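A single structure is presented below for examination.
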Amino acid sequence: MQIGVIGLGRMGANIVRRLLRNGHDCVVYNRSPEKVQQLVAEGAIGTATLHEFVSQLAPPRAIWLMVPAGEPTEQIVTALSQLLAPEDIIIDGGNSYYIDDIRRSKELAKRSIHYLDVGTSGGVWGLERGYCMMIGGAMEIVKDLDPIFKTLAPGRGDITRTPGREKVTGTAEDGYLHCGTNGAGHFVKMVHNGIEYGLMAAYAEGLNILHHANIGKEGRSANAETAPLQHPEHYQYDFNLAEIAEVWRRGSVVASWLLDLTAIALLEQPTLETFSGQISDSGEGRWTIAAAIDEGTPVPVLSAALYQRFSSRGEDEFAAKLLSAMRFQFGGHVEQHQ
Amino acid sequence: MQIGVIGLGRMGANIVRRLLRNGHDCVVYNRSPEKVQQLVAEGAIGTATLHEFVSQLAPPRAIWLMVPAGEPTEQIVTALSQLLAPEDIIIDGGNSYYIDDIRRSKELAKRSIHYLDVGTSGGVWGLERGYCMMIGGAMEIVKDLDPIFKTLAPGRGDITRTPGREKVTGTAEDGYLHCGTNGAGHFVKMVHNGIEYGLMAAYAEGLNILHHANIGKEGRSANAETAPLQHPEHYQYDFNLAEIAEVWRRGSVVASWLLDLTAIALLEQPTLETFSGQISDSGEGRWTIAAAIDEGTPVPVLSAALYQRFSSRGEDEFAAKLLSAMRFQFGGHVEQHQ
Amino acid sequence: MQIGVIGLGRMGANIVRRLLRNGHDCVVYNRSPEKVQQLVAEGAIGTATLHEFVSQLAPPRAIWLMVPAGEPTEQIVTALSQLLAPEDIIIDGGNSYYIDDIRRSKELAKRSIHYLDVGTSGGVWGLERGYCMMIGGAMEIVKDLDPIFKTLAPGRGDITRTPGREKVTGTAEDGYLHCGTNGAGHFVKMVHNGIEYGLMAAYAEGLNILHHANIGKEGRSANAETAPLQHPEHYQYDFNLAEIAEVWRRGSVVASWLLDLTAIALLEQPTLETFSGQISDSGEGRWTIAAAIDEGTPVPVLSAALYQRFSSRGEDEFAAKLLSAMRFQFGGHVEQHQ
Amino acid sequence: MQIGVIGLGRMGANIVRRLLRNGHDCVVYNRSPEKVQQLVAEGAIGTATLHEFVSQLAPPRAIWLMVPAGEPTEQIVTALSQLLAPEDIIIDGGNSYYIDDIRRSKELAKRSIHYLDVGTSGGVWGLERGYCMMIGGAMEIVKDLDPIFKTLAPGRGDITRTPGREKVTGTAEDGYLHCGTNGAGHFVKMVHNGIEYGLMAAYAEGLNILHHANIGKEGRSANAETAPLQHPEHYQYDFNLAEIAEVWRRGSVVASWLLDLTAIALLEQPTLETFSGQISDSGEGRWTIAAAIDEGTPVPVLSAALYQRFSSRGEDEFAAKLLSAMRFQFGGHVEQHQ
């Protein structure tokens, strides 16, 4: 079927490619025109203005947005709402805050424009593997777009079937799911990313313990400020983390796709020296905690994972200085610089 | 090759079966004799006493222990050390504390008995999938037992190969790894379990947020003791967690074996009503934190995961009462019972 | 000076009393009239309607609100805004969300009504000790009300002076402070309460460790599901927590007012048996975390303290069941009920 | 009475001074002799060797050790055990691990030498304020040394009496307490310090939130890697932290001695620029967590406080790099350096 796609960054361009390769017609638009040319060369219909973009689509139009959350998405939705006709559909495939979806869908409904929020996971691997999609909005609109979702999703592939699934209908096994009314798609994607932070942190903390398992060789000196290592003989291991990540991929309880990627990263570069360790966070992790707090559900693991990212960027510096200042006040402790 | 196995519980019996099915000779011993009979019926050589067990094995003997960590393992190792001859090998495949391995291996070395510590992951699924094994001890002993490890391990199967692995030798891709000197195997397994706790908690917390996403429907009342929900309209979702767990298995960043199991569990029983939520912890999670603290490496996520288990068993009760008592003292706050 | 007070609950009534005892004129109003009668008996001017209340005050009026945050405060402010005249002052002494202060102060400014947000700490002890007040709003309005704040605040008392304070002017030493523009008062109070949660949790966790220091006497049994206690001989202490809390009040680093209250609570009732341990949270703790996340500042301690309260009310139940379900799936582990 | 003191560092020298000023006879010894000379000038009897030290004391001797925990204390105790006579008393006033106390007291008992473990809090302020002491060992030995403890402790001073204390006997109100058998003193002191870490972190995190409350003025830019600040207008406050710490000292719920010190530190140096924020930890914090884990009691707050210190020293660096490496693998995310 025909679909328009706005936003041809990392994710957007690959989504167009996966659609083109499977016989869909894609009309594309992007702020910077070079990315449009690239995809025209691959079979898309390029457009230079939002006006032209809309005019190239046959009503009722289906328009997939893949632009940064927040202001950029807001601007495009607002602009489109002036250009579209009743029964047209806007699909926000980016990482919008689900609360924005609730608001936008209500506003667009006044003009009879439909809105779907689609949390899309898959990253740079999605072109080949397919995208996992969590969808919020009206059931019948989701059904109308089923050919698009089916193409973008990974499908069943050779993943072992969950026992009992043979008795259940639905699209979850194909890698896309109608989760509920508007906002539901991005809510589920938000929590997905919150979980992702937690999983990543669990691996990182564990591997960091293995990384320091040779600390007994260092001869750490004891003084009034630093606890001595009581049993240096227990920490004499030089572990090969790339090998350990690899062996865990095979039959262990911690096997996962994130572990697969960790094994790749550690094999490529065992000391990770090209990374500084300043970790970004892009909204969903924060919103996950905010939602948990609104609900009153405890999320110590997911929060700790988020805070590690804040700390990695130095946001705990003033707090740390204050701790040193207190220690100096009550004990005359002077900082030990390592 | 011939191998003796002591301890025919859940894990031990299946290890014997996997060895028998692949042509190895197994001499087995267990405290309660019924389990021995069962495996004799499947082709093992059963024995009724530790003496008989040892006498049935041709020197140099290889003896795999699969008994509970701590006292039970200690007793068996002590008893065996009296019965075995130089060059015999004890393999501790259980969940021993790696510090016990260091001690035991030194004591056994005085009698020229070899010792391997083998962290074994795979649970009830290992019989079919194979076991992931992390091994500590002398390299040449590990090599002597390679046929055993190769049989027990999953092998490469159809898991995607890590790019670059074609240039690397070693057994990690087959699902077993010599991690280092004695203790290394159980150290790596310990951290593996620590990570496992963190991963499990990340999924559990995230799914709990989804479980409570309908809280806006409840009309939570506000009073001086309880914060009102500011935007009930943001929490009106009734999510189907089994479907969400299923869709995440397909192309999402959080896909993992634990998620596969979660999808099974939620499909079988969406409300999990047969579980009470009192979660055991079996040593490795605690030792992981103890090792991290010895090393001075921060592990907020792994710790939080462990503490949730303690709290689930009511171990925070006195602390909670104390908080209520303080609130009563400074604010006259009386507990609100829900 | 003359002041009107609306809301005669625990805090509001004592505020009126402290003002009356120090020569101020108080006009009071409360939804339920019995509380008004009580304070009339103590010297206040009682009123039966909001209309009467406003008419009893000489312009420019100063009106102190001490009603629950959220809807109740919103309703009173809205009602008052219709009755008041330019230059009148509304003081919100309750626990409002500072974001509401920002909005309200802007709306009232359109009618030239002034607004102060005053975070008020002191609880049931404030009548005798005085209230610590954190104030947001226009400087000149704060100055106009200085007699009120001075009366309500504790004053310097016999608290040791901070060295260097003799060179500084301002009211902080008297126990009240103009913190900044509107919202600043409740922002500082919010963080104050966030810290309070953290302090309380630190004491509760530490005392809980002491409470369980006799665990070695119990003979905890080991099985495949539960870690054995490796050194029962290290946990043979029956500590008297009331005595310990008392001794810490004298010269230790952890001396504090919350510890004073803890010592009272534990002396009154060493086992705290009248408390169930379901701990409320009343908004500020949550808002503190939300602000930290907006800012990107890590707050693992304050978050953990908040989540303990959620868990104490059973909000982690579904997550815990899920952990049990996962353990059952991968290891056949059956829950151990204690 | 007569007492010997070994170890004349920050704490030890002041303990001698407080004893001398109150009429006790002090025989002193220190590894570096200058510190001995200093105290001789103030009235102590100086000694140059351990032998001389012991010979200057009249049996039964009482010897107070104030040397670093671990190896230094171990060496002195071992050396003394060769020199002392039955009924002599060794008092370990340092920060020893309580498990060492249990062992040492048993060994010394074989020679009929008594041992007390005395957790001593008070820091550089103890000379004037007195020391809070938590004591483990045999009751009758504690009683024999009562004059020493009474002198070193703060006494009741003008601290408000806990209601109900008038009906209770004992020394807690004077600032010292016999907590139980050997190890009990250092166990309670250990937990005291664990709580101290938690309290300090609570203040530091809260004040850090206030410190960043002007983040809305910065115009933080949004991109695919960083979450935009949704409401910059809510973070426009430039708080004076020294004033806020001061006002909280007066009638607020968070008033404490640590807050007093914070107020001093922030008044001296509002930006804390002489501190780097690398925070030491000296054993008790770690042992507190280890004890909690042995007991199975959850301590998320105390753990988070400890881990902040580890992270402040860069011990999370490898974990952070790994997170960046994972993000690069799945999303092509390149680190944003701030």
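Letters are used for the chains, namely A, B, C and D, taken in the order the chains are written, and counting of residues starts over at 1 for each.
Just so we're on the same page, a contact is a pair of C-beta atoms (placed from the backbone, for glycine too) under 8 Å apart; a residue touches a chain by one contact, two chains touch by 3 or more.
Heads up on the chains, UniProt names are A, B, C, D = 6-phosphogluconate dehydrogenase (Decarboxylating).
Small disclaimer: the values here were computed from a predicted structure and weren't measured.
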item	value
Comparison of A-D and A-C (more C-beta pairs in contact)	A-D
Reference subunit A; chain at largest CA-centroid distance	D
Euclidean distance of C-alpha centroids - subunit C vs subunit D, Å	29
Interchain centroid distance [CA atoms averaged], subunit A/subunit D, Å	43
Where subunit A and subunit C are represented by their mean Cα positions, the distance between them in whole Å	37
Junction residues of subunit C, two or more chains touched	123, 201, 203, 205, 207-208, 211-212, 227, 230, 253, 257-258, 264, 281, 286, 294-300, 304, 307-308, 311, 313, 315-316, 319, 330
Subunit D residues within the subunit B interface of the complex	253, 281, 286, 289-290, 293-300, 303-304, 306-308, 310-311, 313, 315-316, 319, 330
In the complex, subunit B residues that touch subunit A	98-99, 102, 121-123, 126, 129-134, 153-160, 162-165, 168, 170-177, 179-181, 183-184, 187-188, 191-199, 201-203, 205-213, 215, 227, 229-231, 233-240, 243-244, 246-260, 263-264, 267-268, 288, 291-292, 294-302, 304-305, 307-308
Contact set on subunit C toward subunit B in their complex	9-10, 68, 70-71, 97, 123-125, 200-201, 203-205, 207-208, 211-212, 222-228, 230, 257-258, 261-262, 264-266, 269, 272, 275-283, 286, 300, 304, 308-309, 311-333, 335-338
